[in-house]
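Next come the structures, one after another.
One chain, chain A, appears in both complexes that follow, with chain B as partner in the first and chain C in the second.
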Partner chain A sequence: MDAMTISRADLLGLAEDLLGSGIRVVGPAKASRGMVEYRAVAAASELALEGPELPARSLKEFYLPPTEPLFAWKSLAGGKVELMEARMAPPPTVVIGARPCDAAGVEVLDKVMGWDYRDEPYFARREATTIVSIACAGIDSSCFCTSVGLGPDATRGSDLLLVPIEGGYRAEVLTEKGARLVSGHQGRFRPDSGAAQAQEFKQKARAKVAAHAPPDARPLRSWLETHFDHPLWAEVALRCHGCGACAAVCPTCHCFDIVDEPEGVTTGVRRRNWDTCQTARFTVHASGHNPRSDQNSRIRQRVMHKFMIYPKRFNEILCTGCGRCVRACPGGMDLLEVISRVSALAGGAG
Partner chain B sequence: MNVYQPYLVRIANITDETPDTRTLRLEFVDPAVAESFSFKAGQFGEYSVFGAGECTFCIASPPTRKGYIECSFKCVGKVTRAMRELGVGDVMGFRGPYGNSFPVEAFYGKSVVFVAGGIGLAPVRCVIWNVLDLRDKFKNVTIIYGARSVSDLVYKRELEEWGRRPDVKLHVTVDPGGETPDWKGQVGFVPAVVEKAAPSSVNAVAVVCGPPIMIKFTLPVLRKLGFTDDRIYTTLENRMKCGIGKCGRCNIGPVYVCKDGPVFTASQIAALPPEF
Partner chain C sequence: MTELRELARKLLSDGQVKVVIGYEEGPRGVRPLFATDGAAADRLIFDERCVQNLATYLDRRRVHVARLGKPAIVAKPCDVKAVAGLLRETQLKREDVVIIGVRCGGVLADPKSLQRLGPDTMADRCRTCETREPGLVDYLVGPMPEAVRGQSGRDAKIAELDAMTPEERWSFWQKELSRCTRCQACRQVCPLCYCDRCMADKTEPQWIESSPHPRGILAWHLIRAIHLAGRCVDCGECERACPVSIPLGLITRKVAQVVAQRFQHHPTDDPSVPSPIGTWRSDDPQEFIL
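And then the complex of A and B:
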């Protein structure tokens, strides 16, 4: 693996270079009401690269937007219909300052978006985007990336990982895309000199998260496969309002709806919108029958999908341990606690 | 190619099955698609009316009849109401075919027993015609079909046609109270009619589709007749949006109905959590 170093000033300079050549730069930046969000910036000075807070939402919306057109239609005389492209070509984008959990989320989503049928709208954005992550120092007690096989220095989904060292970062080149970014901006990088410091940063960050994170969530799968019915589900569901805030902020929740939006009488757009398994009407049949008719079954579905269904199908946990669902939940639902409880049940009862 | 962009299909024929159930025959607008399109019995698709949205139905016509597909739908929601507004010559959208299929070739040389209730006859009808179009490849064909009332029976003309065929044993029934004064068929619930008809399970498979309550009480009867769960097939109709294993709606435990189904054997269904 190639490594270089880059100073803080040069990283901002790199962002300016990219902006100057017409490339969209996305990164954590102050947004409305002082929150930090991932957004496109007009100047490198807007970037808030090392927190301390986690951006309010994940990077998901840059690949799977909350709403997006799939195609447009136009009704013509004689009952005829014409279908038209409604998507714009995704702009070439470099994300600077992604959190490793958010970069990993994109790679986890690749599996479901690419199996058998390739989700073209998603992959068009994926291909147009390069992700430069900054290793995280650990945010707060809601983080648990070390429990899902990742960590504050995880490299999955990133093209370049920057590890903070004195005066700047050690840049680990992870992919072809990352190498192209470095070679295109050679002047901004210096030879590697920060290996030891970077290692120390990673170890400290890992220890910080691991100190409070629940046990490894990967072994939960076998318990979940055999405990569809368990008093745990009714108990955890008591806290759930079914609002779906957890899914909206989640880097890996990807359920969607497809709806038509007429724009006038003869034209309109078919759109894909975010949806969530936490709402009552998500699974309701035309007959009125609802296979998941209570919140117990809906919260169970969320946990099952992340820790059993997705791992079984794609050998991958559908969770990156970012902790956003914990921070966002108005009912105090705590996925760390659910993981700990299931781990205890799995360890105890066998 | 954008997988969410449908083929354009033109309504070639409309048949009213019951006061609220209709069958549309759809032909592909693009001759190249019409030529290349193929599917297997049991597969489904996403049908759409532009401006109203998409809906999931099985393909109710058999793959042995080329050049068109048919869907039968009950008018209950936004999309089906919009479908009902359309006339012959109007254009709709269709994405598919999706999902797995009934292993019809594995049924060659066997007897086939069809059991259906209500609109559940639609996916079964696809297999029935597939079997009848290749009739000499199969042994006995038995069809047991029931609906709440005489007016709720779908595919009435085809029921008459099957009833006239010497190579098909047809039993049509309506629920008690659903008969009319001139009703000549049977009166009784589907499971009881299956028990009375007692089709042989020797070298036979069963294809079952209908409301959950009918399936629940029909399975024990079929088992009593000697049909093992691996020889009983059914098709599940979970709510779907994408149809291609992405939107997260049709999961039953680890199963994606749209990709692993919609066709399952009774033994596969017995292994699923009770969430359908």
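And then the complex of A and C:
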């Protein structure tokens, strides 16, 4: 693995270089009310690298937007319909300052988005985007990346990982895309000199998260497979409002709804919009019957999908331990607690 | 605290209720507790971090909670106003809930901040709230708090928005609402958003678009504002639940100001007071249709 170093000023300079050459730069930036969000910036000075907060929403929306048109239709004379496909030309993009949990989330999503059908809009954006992550120091007690096989220095999904060292970062080149970014901006990088410091940063960050994180969630799969009707589900779901805030901020929740919206008498647009299994509407049948008739079954679904169903199909947990669902939940639902409890029920597996 | 726990224990052991819905110390802050036995009742707490409005859990469509049996609910004055709203709108019968009212001197804006309650740390809505002791209750617990008051940043912001040109106001709201993904958390936590099928969810006919594009987002927030006019109890749950920090309290507060001015109506814990949206009077102001 190639490594270089880059100063803080040069990283911002790199962002300016990219913006100057017409590349879209996305990164964490201050939004109104003190919130941090990932957004396309107009100047490098907008970037709020290294937190301390996690952006409110994950990187997911840059690949799977909250709403996107798939095609437009127009009714013609004689009962004919003309379809106009939405033009997909995602702008070349470099993400600077992704959190490792968010970069990993995108790689986890690749599996389902390219499974039985290759999702063209998603992969067009994937291909147009290079992700430069910054290793995280650990945010707060809601973080649990170390419990899902990742860590604050996880490299999955990133093309370049920047590890904070004095005055800047040690840049670890992880992919071809990452190498191209470095070679295209040689002047911004210096030879590697921060290996020891970077190592120390990573160890400290891992220890910080691991100190409160629940046990490894990977072994939970077998318990979940055989405990669909366990009383746990009725108990943990009580405070859940079924609001779906968890799914909206989740880097890996990817369910969507397809809607046709008329825009005039003879024209309209088919769109796909984010959806979530936490609402009653998600599974209600045309007959009125709802196989997931209460919140217990919806919470169970969320946990099962992340820690059993997705791992079974893709050998991959559908969770990166970012903790956003815990921070966002108005009812105080706590996935770390659920993982700990299932671990205990499973006989301390993990 | 002892008073609250002893009362909860008694209600449960007497069989008066099957569950006491209150607050507990969770692993990451205060959270709702559903105490069904004495041991759980001993985990009940109440302090300035108890921001949640638990009246939302009385919605009978929450079958997973309703299944536990008759509830008692720990309620602050604003929460009791929400219970009154449910009674007023026949969503709940008075005998189906035991209300444990708590005297309240306001809650923290950021309950995880570990700050002391004061004029600057208090939730904005509490700075203008006059009610320390809820009515309508079956039991009343806790000491009478000091009347800490503060300047409302929200009212100042509303005055600032009112002074703007429509274009400036439009651009403010466009920017704030652009973050909305229509996750509907604001609706789900609202104790008075109890419709079986929200019009935002209806597809045949589709009244409002479900997409989170600017048109769909605006339609949702306008409809929500109008449907809550004169019904909102200013518990702040919608704004707290919003995962992208949209200042929804500015909307509900502004609408409440309009309702107060036009209809002389203020949220109340008296369920016999009709809400303006549910009544018609021949002398209702006509110059603006609410």
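In this text, the second predicted complex is superposed on the first by the 345 of 350 C-alpha atoms of A that agree within 3 Å, B and C clash if a C-alpha of one lies under 4 Å from a C-alpha of the other, contacts with A are read in each partner's own complex, and residues count from 1 in each chain.
Going forward, a contact is a pair of C-beta atoms (placed from the backbone, for glycine too) under 8 Å apart; a residue touches a chain by one contact, two chains touch by 3 or more.
Computed from a predicted structure; not experimentally measured.
By the document's definition of touching, of the two partners only chain C reaches A:D294; chain B does not.
Of the two partner chains, chain B is the only one touched by A:G79; chain C is not. In the superposed model, A:S141 makes contact with chain C only, not with chain B.
In the superposed model, A:W115 lies in contact with chain B only, and not with chain C. Of the two partner chains placed by superposition, chain B and chain C are both touched by A:V259. After overlaying the two complexes on the shared chain, residue contacts for A:W223 are found with neither chain B nor chain C. Note: residues 257, 259 of chain A belong to the chain B contact set and to the chain C contact set alike, using the contact criterion stated above. The residues of chain A lying in touch with chain C in their complex are 31-33, 35, 37, 56-57, 61, 66-67, 141-142, 234, 237-239, 241-245, 247-249, 257, 259, 261, 271, 273-274, 276, 279, 281, 293-296, 324, 326, 328, 330-332, 334, 336-337.
Note for the complex: chain B touches chain A at residues 1-6, 8, 10, 48, 50-54, 74, 76-77, 80, 87, 89-91, 93, 212, 237-239, 241-242, 244-249, 251-254, 256, 259, 273, 275-276. Of all residues in chain A, those touching chain B in their complex are 70-71, 73, 75, 78-81, 83, 87, 112-113, 115-121, 225, 228-229, 254-260, 262, 268, 270, 272, 275, 277, 282-287, 289, 291-292, 297, 301, 304-305, 308-309, 312-313. Those residues of chain C lying in contact with chain A across their complex are 26-32, 34, 52, 56-57, 62-65, 67-68, 175-176, 179, 181-185, 187-189, 201, 206, 209-213, 216, 237, 240-245, 247.
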